[in-house]
Amino acid sequence: MQRDHNHPTIVTIEKVIDETPTVRTLIFSDEVMSEALPGQFAMVWIPGVNELPMSIMISKEPGKAAFTVRKHGLASTGLFNVKEGEQIGIRGPYGNSFDLKEGKLLFVGGGTGLVPMMRLLTFVRPRDDVTVLIGAKTKNEVFFEDLAKSLLEEHHHHHVIVSTDDGSYGEKGFVTDVVEKLLSKTHFDGVYTCGPEIMMYKTVQSANSRHIFVQASLERMMKCGVGICGSCCVGTDLACRDGTVFDGLHLSKNKEFGYFHRNKAGILEHY
Amino acid sequence: MQRDHNHPTIVTIEKVIDETPTVRTLIFSDEVMSEALPGQFAMVWIPGVNELPMSIMISKEPGKAAFTVRKHGLASTGLFNVKEGEQIGIRGPYGNSFDLKEGKLLFVGGGTGLVPMMRLLTFVRPRDDVTVLIGAKTKNEVFFEDLAKSLLEEHHHHHVIVSTDDGSYGEKGFVTDVVEKLLSKTHFDGVYTCGPEIMMYKTVQSANSRHIFVQASLERMMKCGVGICGSCCVGTDLACRDGTVFDGLHLSKNKEFGYFHRNKAGILEHY
Amino acid sequence: MEPSLETSIGQIQLDRPVMLASGILGISLDVFKRLYLSGAGAVVTKSLSIEPWEGYPNPTILSVKGGGWINAVGLSNPGAPNFAKMIEPNKDVPIIVSLVGSIPEDFEMMIKQFEHCQVTAYELNLSCPHVAKVGLEVGDDPELVKKIVTAVKNSTNVPVIAKVGLGTSNYLNTVGTAIDSGIDAITAINTVRAMAIDAEIQRPILSNRYGGLSGTPIKPIALRCVYEISSKYDIPIIGCGGISTWEDAIEFFLAGASAIQLGSAIGDNWITVFHEINKGILQYMKRKDYSNIQEMVGLAKRS
Amino acid sequence: MEPSLETSIGQIQLDRPVMLASGILGISLDVFKRLYLSGAGAVVTKSLSIEPWEGYPNPTILSVKGGGWINAVGLSNPGAPNFAKMIEPNKDVPIIVSLVGSIPEDFEMMIKQFEHCQVTAYELNLSCPHVAKVGLEVGDDPELVKKIVTAVKNSTNVPVIAKVGLGTSNYLNTVGTAIDSGIDAITAINTVRAMAIDAEIQRPILSNRYGGLSGTPIKPIALRCVYEISSKYDIPIIGCGGISTWEDAIEFFLAGASAIQLGSAIGDNWITVFHEINKGILQYMKRKDYSNIQEMVGLAKRS
């Protein structure tokens, strides 16, 4: 029978990589997921634990894909603890993708929000001028810096900048301050961001105010991933089906973006 | 949505032709049925009346097909009475087809058993030597004689022979006596028959005894047409799915062929 | 004359006969507006309880290989009071408020919350197949159905619909009891209790184990329920279950439904499905020369 | 060690766990032999009545767009006496004789007919959803179920199976009653009452209007029934409903079935389906290192 993308397909975790003490990358074989577009996500079933949305991470080997998970609550800790040889269920890929411009490009990622940024980097052309901004609270939460660099090896012009809130590594300060500084200095042809919503909100604001094309990939509570349950709604939008990637101009008209998300009961909560 | 062959598709009867006082041909447009193989049948729903199996008759126009029905009991009379512009439901095509040999071919049909013979004639090559035998009780039950002739127009060697039991038209006697006569005179490369079971039984016997390749298309009580209900079983065979066309050698080993059929309750009845 | 898509389900008047079913995309007024503009004649809210409910943990929804969906969302909802506040500004969208509860007082309390809201109708969920003490557990108890419907009818002048489904009793009796107690219309049916197990993992996939089957697989079941209800009772019916094409919609009208609801089709075809179905119904009506929906309702019952 | 496909359903021992369901291709001993040679572990006959029944007029079967079949064959059958005579010569094929009737005496009389036949088990059809006075009308009546099962158990030493389905009462109670009355095993489920209407013709398609839905659409429902029964009762179960692949078969074993039956899959994939499923089960057992079916039965119930 043909694969049903909305029914869990069982895959085996083949390799686990520790990125930081609380972040791990789990690699598995799956043709469909290996060809996911940047920004697309999967619903990941950890049997006996929970199911949660995860951006689809790249893997160096063809036919493989990965998830990069930060250990947090029940579900993510369950995934974080999956060992090599153990099985999980995946459905998807879900969601749209980015509209990649040409020229001078800025990528702004925080935490596991870097995952779609990494996949997007694999689509950038060698002649583009690429800046990757990695934000973290502190030094030992920084990851994917080397990966970003190696993905950009063939590019003449590229910068990978890390900023930490406490200055323990790279530039000191909020990543959004670096964004503001960069955008005020030079013109960019496209800005792409994924990470904590406040980070994305400020990045979108900085770009919008300068009429720079910007896209952000949103996170919301997700149950179905296909636009049935409604749990992921952001104003009139359903993050899972209309997004997760939205244009900055569209987001600037959304009353909830940057301010509210909904909890498991669907009640609006302030960020 | 793609067409579901096992769910009735509604078609409109575009033309009705009287073949004899009790036999009519109903023509309709349907790509799928127009491409049915010789010997295949449809389950025909006459709304409010019944559903019954009907061999798929040819039509001169592309994209069209037909049924040729003899008025008999409730269901066939219902179909016989369908007027131009009225709708019926059809599902299928069901069943296998004939294995058409080359060379000297004999077609033996009685009554509406001529329907698959007519479709089969359209596949015969001009260089084949073709004999069509049409059997009927009496003169005004003869039909398709002209059609058979016109289908064979381009053939150098062809004969259309009619025999009636009462001798009111064509040769006098049972069609199976003509078969026996023909087969005893000349070698045939293939014999094809459809019609009353006794006619087919004798034809198969005549051919088998001379080691001549012969195929017959069987009729049995049919409800599903797909091999679920079991009502069409003939020994180990399901007429609808294994047939309706069977080789003479296979039939010679079947204890029911020529002797028994099952009624609506599934009880074996003698012919 | 151009045929009209208007329909009435008893006192309920709608511009278009296709509604959003309860529980689908149903927690935000902004989304309701969008669905209305996409062609939905009305939206039914998620089933609301007095208190907010988180629902079951994930996995809560998955598709079935070969068609349809199984869900055990567990009636997660923000609670009637929060919800009423959210829809208070609404003037444009016909909103049908779906309610779940265990006792008459639950329903009375919730209806009070909507005093200042424009509510097109209430739909009593007597048929959720996977949450204890509400839904089917209520629908399968005739005494309770009687008490709840009577209480609700005494609390509001807005039309009240009972949503029924296949439980552990004869749903036709539930319909009968609801009618005797004054119900204005019936929605049939809810999801059908079902399960998905993964052969590799060797466990039920839903966290709640049991869930409700929706989408194409249940259409023939829902259609027979509408036909059965309309053959037995004289009550306006809203058909629901597996509807995804205009042909499905017509079949439900012919079986006796004055309007329809859909949910799962959105997962398969997204929200353009409303427009597609409306368009198909109109074309059918033109071809068959009908001027309004009501002319078709129940036609399949003639012998 | 090569895993074994042998299974036992209580006292019933089978070489292979996949059977032909009742009503499918089930009127001729020749065909039974063929199915057995194709890989069926046993064949269940059409449900037999005392007298021959013609069943309903055509149309009696059609497929549903989007999957599955609806039938209202109407239990056409040659009658128990004729049938018993036909299978008398059988020595090789495990035949399970399915019976329908309205009162205990019907069943007692029929069982007498099979005195000289080799019968692997009797299956009481308490669940046909579209014929009056038998099937579900019996299954929904606990008193009658008790009387019939008791009478049948007193008439024969051959194992007796009750086949249940979704009717107008709680089928779990029917199972409980049957167990209390001495039943040896349960088959779950029969078809689910349903309907098909044609939008163009504006009529129900089946001559009987109502029929039973079978095939893929009912699989998630059947699976939950097996899981529910095996969670509540300690009784051997035969799973039936929508099974068409080895994965489906495994899921039913995990839910608690010791064997399975299939019907509709033959319409979709023809009789090679038995061999395909047997092969798939064996490969799965090798991969998961099971030596016999029983090791899997009910595994999905662990928490």
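Going in written order, the chains are labelled A, B, C and D, and every chain counts its residues from 1.
Just so it is clear, a residue touches a chain if its C-beta (ideal position, glycine included) is under 8 Å from a C-beta of that chain, and two chains touch if they have at least 3 such contacts.
Computed from a prediction, not measured in an experiment: that's the story for all the values here.
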Steps needed, at minimum, to go from chain A to chain B via contacts: 3
Cα-centroid distance, chain A relative to chain D, in whole angstrom: 51
Inter-centroid spacing, chain D versus chain B (mean Cα positions, whole Å): 36
Residues of chain D engaged with two or more neighbouring chains: 64, 66, 196, 198, 203
Residues of chain A whose C-beta touches two or more other chains: 1
Category of the chain touch graph - line, ring, star, complete, other: line
Chains that touch, pairwise: A-C, B-D, C-D
Complex contact set, residues of chain D against chain C: 64, 66-68, 70, 166, 168-172, 192-199, 202-204, 209-210, 213, 216-221, 223-224, 227, 247, 250-251, 254-255, 284, 296, 299-300, 302
Chain D-touching residues of chain B, taken from the complex the two chains share: 1, 4, 6-8, 10, 43, 45, 47-48, 50-52, 74-75, 87, 89, 91, 223-224, 226-231, 233, 235-236, 238, 241, 262-267
Contact set on chain C toward chain A in their complex: 23-28, 30-31, 33-34, 46, 52-55, 57-66, 69, 71, 73, 76-79, 82, 196, 198, 200-201, 203, 205, 207, 263-264, 266-267, 270-271
